[in-house]
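Below are two complexes that have subunit A in common, paired first with subunit B and then with subunit C.
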Partner chain A sequence: MILFIIKRLISIAATFFAVSIIIFLMMHAVPGGPFDGNDMPVSAAVREQLMAKLGLDQPLWVQYLNYMGGVLRLDFGVPYQSPGESVLSLLANAWPPSLILGGLGVLIGAPLGILLGMAAALNRNSWIDYLASAVATLGLTIPVFVTSMLLILVFAVWLNWLPASGWGKPERWILPIVAYAAIPLATYARYTRSAFLDNINKPFVTTLRAKGLSERRIIFQHVLKNSAIPMVTVFLPMFIGTATGSIFVESMFRVPGLGSYFVSSIQNRDYPLEMALVLMVTVAICLAYLISDIVYALINPRIRFGGNKQ
Partner chain B sequence: MTTETDVALAVPPAYVQRSPAYFALRRFLANRAAVGGGIVLLILILAAIFAPLLSKSDPTAQAFLKDSLAFPSAEHWFGVDDLGRDFFTRILYGARVSLTIGFAAAAFSVLIGVPLGALAGYFGGKTDWFIMRLIELFSVVPPLLGAMLLGALTGGGFVTIIAVAALFGWVGVCLLVRAQVSAFREKEFVRAAQALGASPWYIIRRHLIPNSVSPIIVGFVLSIPLAMMLEAGLSFLGIGVPPPTPSWGQMINVGMNFVFFYWHMALFPTAALAITVLATTLFGDGLRDALDPTQKGR
Partner chain C sequence: MNFMLKVGGALALAAVLTAPALAQSRLVAPGLSTTGTYMDYMRTVYARAAGADLVQVPLSGFDKNYELTALAAESWEQSEDGLTWTFKLRDGLVWSDGEPLKASDYIFSLQQAATSGYDFAWYWDTAASIANWKEVTDGTADVSTLGIKAVDDHTITVTTVTPKPYLPSVVSLWYPTPKHQFDKVGEDWSTNVDTIVASGPFKVQSWEKSNNTVVLEKNESYTGPWQAQVDEVEIDSSLGLPEVGLPAFLAGEADISNLNAGQIPVMRQRMPDNLRQDAVFAVSYISFDLDSPPFDNVDVRRAFYYAVNRDELTSTVLRDLAAPAGSILAPGYPGYNAEMAAKAVFDPQKAKDFMTAAGYPDGKGFPEVEIWFREEGGANGAILPPTAQYLQAQFKEILGITMNIKIMPGKDWMEGLLARKNNLYIAPYGYDYLDPSNFFGIFYNGGRHNYHVAEYDALVAQADSNPVWEERLKLYAQAEQVMIDQGMIVPLVHPLTTSVISDAIGGDATVPNENGYTPFGAFSYMYTHITKN
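Let's look at the complex of A and B:
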């Protein structure tokens, strides 16, 4: 097991460096530099000095090594747009809203989705089954900003029940959390349903019934455990969907979170900030990979011992 | 006395040999959601093609500046936007942008995904390992982030978005084709072709790709909504199709600023995008279930 985790960690580190090199090159291949914008016009001499101070006049590979050396010491540099702060402090102010809203969205959406999927599988072709299918299809096909827009139109504009945007008061959290919860809810409703349907007519369930086990224990203890693998598999795509969805949800609901920096850092050629954000997302996704691999290995010994990397 | 002619002999039903396509069609038609999605998609395609006939005004001309922000009426079905353009016309021409990008990106996804998937599936081993690592790299960078960087790299625009969407869309097609090809690789007819001295290239082209037609069709249709969502997302963030060209994502972003007073600016592009994406996905899902019944419900 430890060997397995070490192996995965090495492959994750390799992916991390591959992504960092690609992103770094792509970022610098974008025409234009951080001081070419019109809102902060600087003379050529000043620009040259700034470029030299920030090390932007050096060859790319030196810049890359400098930057990554800093990253390994958790120093992500200084954002060009607000030189008084460090990237780390800027992000430290921005991540709580994103984490609270996204985290609550997943924590509420995923269990609800699992319950909905279970209810749908146990009452096949009933209204709850159709409801689950409808929720799953809508949640997985309609982009997050469309869901957000519809929520705002219905609950803030027409019914006037909830505030449409902002941050601070708990009632302002409700709509963004619902928007965030849509993806985990839909994903889990769909995959729990199909995993349950696969298992519910297997011989082991009949055996358990014949043994006289209560229906509740059969469902929650045995069928749920056997349906867990596809549920772990979809965790990663769901996580990526929620993470990138944050860019839209936060821009729709005007939440001062990480999402807004993604766009502004790219538009302003703010290399350190942009790099820090992309690397953070990559690390988060790699960690999600690792966690789902470990959970896989825990629930399915064949993966652990077979050395099947998938 | 009754004549023999009155006695009708039970005619045995004529034996008709049905092709797999017939059964696929039957399965597709039995799926009401998929048929509905297909009909809506067809209407949208026709509306996009015949947009100039359905609306007389120009989507970029500020012809109704005096009525700026007017609500929907008999004259302007979806109202007028903030710059004095008929909103129905804008939505209609937005369908052109969305559908063109969706279909073109899906076509390029197939062009990249089919050869790579066939190579990975047929040769396995190192080739497969390399292509799978490539796919892994693409799945670690979320499509939207990569698209944002690439969009900035190239300055956005119509062609760029098609390229970006194809770059991130081929993975799905590639995996579908790879699975099909590696399942057929060991079949007797491929063995026979190998024994007769056919080259790998010939086998892939003449035997394996024609046998993968259903996953290719499914992959094509299912990458359309993904590309449309990517385009709308990028345009929403202001790094997609540049402004005078009507794009639903862009209109949603503008509508957001007017949502409390001029709700029509937000509602119609949102609804148009939702309906189009939903219809295409339902159609694609139905097609997948019809062409490959073993995958049903996944």
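Let's look at the complex of A and C:
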């Protein structure tokens, strides 16, 4: 197990550097630079001056080494769009709203989705199943900005129960969390239903029933545990995905989170910020999969790390 | 009884203490851009923070009728040779930290702009023509040689290369930089709320950088004209999108919302008295690469000029979004010439004749072309895509040509324009200051499109420096005729914006001007002439 984790950490490090090189080259391959404006451009002399100030006049490999040297010391540079602070402090300010909304969205949506999926599987081809499938399908197919708009119209504009948007007081969190929760809820409902139906007709369930175990014990203790692996596969990456911000949800609800930086850093050719965001997400996803693998083993001891050893 | 009295007294005291806080009026309005780098107009125009225009006081400004008004400057005069302007500052202007606002703060801001990579530097060269500006920005002359000088704490002189009779209008974008704060904190003084000092009607209370939302509060130390009428202004750039702004407005969380094309009829029906329209002083036009085929042929360009049905375009796909543009100047803009604008007629036969004269009868033999325009938000974002599609269909039908459409990021579009990577563009342009030279300058001596039309350049140069307004107008009209004869551009539309305002706000800024428009885009005037109950 420890060897497995060490190997995976080494592979994460390799992935990290590979991604950093690819993204760095891609960023600089895109036409235009941070000082090529949408309107009248700065003069060549001024542009040179600005590029020199930020070290962008140096060869690419030197720029890369300088940047990565900083990253290894946890210095992600200074964002061009907010020069008075570091990339880390900028992200530290913007991450909490994304983490709260995305995290709560998954933590609320996932259990509800599991319950919905279980209900559908246990009542296959009944109205409950059809309703659950409809909810899951709608949750996955309706774009999140449409869901957000509907929530605002119904609960803020028509019913006047909740604030339409903004950030700060917890009542402002409710609608964006519901909008966030729609996707994990739908995803989990579908995964759970499918995994449950796979397991519920397996011989071990028949054996358990023959042994006289209660249906509740069979479902919650055995079927749910055996159905958990695909859910674990989805959970952490989904958590990371939502907790790093959604440009749509955050825009619609005016949440000052990370989402907008993913877009503005690319639009403004804000290289330090763009790199930091990509590297942050890379590490988070790699770690999420590592944790998922470890959880597999804890759920199912038959899974062994490192190949086909039995 | 004693207990009741105590409770009553405590409640009364609490009411008195909280009364001022409850009386605070806060205006919530949409911002322009969700990114803003510096709270300093003189450091960056295109990436400035929301409200940067309100935190410092420029030398002059424009009211809702576009009348030039003295702000930090109380008077100005031009020298006899027309090359030097002298501006006198008002007495009693101070920074929000108590330091006096001096002429040297204005000089310092332009010196910084000339030497620190200001993204609006072209303006002070092209529009103001400040002596030695180009040499200083190119690094070939010392900043001390710049044609600006603080004669004393209240007097500024500006020396220009050629006479600039409209310079008082140009300096409406000349804001001061607090030199004392710059010296203390450094060049990033305007990135941190704690180190920003204000000279204008508002000062910064908070700044949420992730979406460029700013809360401003009334600057009590500001003694100049146009003082704030509300205690606080929240400029929330997230509300700039009508899809976000209108729901927040309807829920009572915003006082003003921009409206998109779909929302206008709904809100017109629901709150007809609360709608406000603004004719933005801007134009969208087709530009060409005059030196590469097939647009090096003037007959081809003129065919395009007559093949556009502006009335149909603005009454159908751009309904409520734009007005027909016969000229680069919008109606109501100083120097607008209705006679010249009337020449931009839709004449399909004339367009076909020009194509035939160019050697492409019914478009036969004409190469497939591509028109480029850039992704934008706001008014232009709503206008450009349908305009391109409309033109595509119309040019096919009338001229018999195939025109493809390419939409691209702003930076790529601008790079393509300057490097002449394509030969056909839809270009939008909004005014910077109120004088015809602003728009005629776009095509002057290279300008934005690398145009070099000698006759046009000569006329514009004469018009720009002529001190007599009527004579200037005649020269600009002649220049505009050259534009038409040479088919330099095809003016298309002037954008319109529509907003809805809540019943809670009022004041002069919410009352339409003499042309029936409410110019919410004139920020300095708007935010200082608006009240909230």
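The rule is simple: the second predicted complex is superposed on the first by the 282 of 310 C-alpha atoms of A that agree within 3 Å, B and C clash if a C-alpha of one lies under 4 Å from a C-alpha of the other, contacts with A are read in each partner's own complex, and residues count from 1 in each chain.
Following the convention adopted for this analysis, a contact is a pair of C-beta atoms (placed from the backbone, for glycine too) under 8 Å apart; a residue touches a chain by one contact, two chains touch by 3 or more.
Bear in mind the structure is a predicted one, so any value in this text is a computation, not a measurement.
When the two complexes are overlaid on subunit A, subunit B and subunit C occupy overlapping space and clash.
Contacts of A:251 after superposition on the shared chain: both subunit B and subunit C are touched.
By the touch criterion stated above, A:46 is placed in contact with subunit C alone, subunit B being left untouched. Shared-chain residue A:27: touches subunit B; no touch with subunit C. When both complexes are overlaid on chain A, the residue A:138 reaches subunit B alone and has no touch with subunit C. Looking at the shared chain after the overlay, A:268 reaches subunit C, while subunit B stays out of its contact range. Of the two partner chains placed by superposition, subunit B and subunit C are both touched by A:157. By the touch criterion defined above, A:149 reaches both subunit B and subunit C. In the superposition on chain A, A:93 makes contact with subunit C only, not with subunit B.
In the superposition on chain A, A:15 makes contact with subunit B only, while subunit C stays out of contact range. Only one segment of subunit C in 130-138, 220-228, 292-300 or 310-318 runs into subunit B in the superposed model, and that segment is 310-318.
Note: residues 31, 145, 149, 152-153, 156-157, 164, 251-252, 267 of subunit A belong to the subunit B contact set and to the subunit C contact set alike, using the contact criterion stated above. Across the interface of their complex, subunit A is touched by residues 34-38, 46-47, 117-123, 137-139, 188, 191-192, 208-211, 213, 236, 238-239, 241, 243-244, 247-248, 250-251, 253, 374, 409-415, 418, 448 of subunit C. Residues of subunit A that touch subunit C in their complex: 31-33, 35-43, 45-47, 49-50, 53, 80-85, 90, 93-94, 145, 149, 152-153, 156-157, 160, 163-166, 251-252, 254, 256-258, 260-261, 264, 267-269. Only residues 136-137, 140-145, 148-150, 152-153, 155, 225, 229, 232-233, 236-239, 249, 252, 255-256, 259-260, 263, 266-267, 270, 273-274, 277-278, 281-282, 285, 297-298 of subunit B touch subunit A when the two sit together in their complex.
Of all residues in subunit A, those touching subunit B in their complex are 15, 18-19, 22-23, 26-27, 29-31, 137-138, 140-143, 145-146, 149-150, 152-153, 156-158, 164, 194, 197, 240, 243-244, 247-248, 251-252, 262-263, 266-267, 278, 281-282, 285-286, 289.
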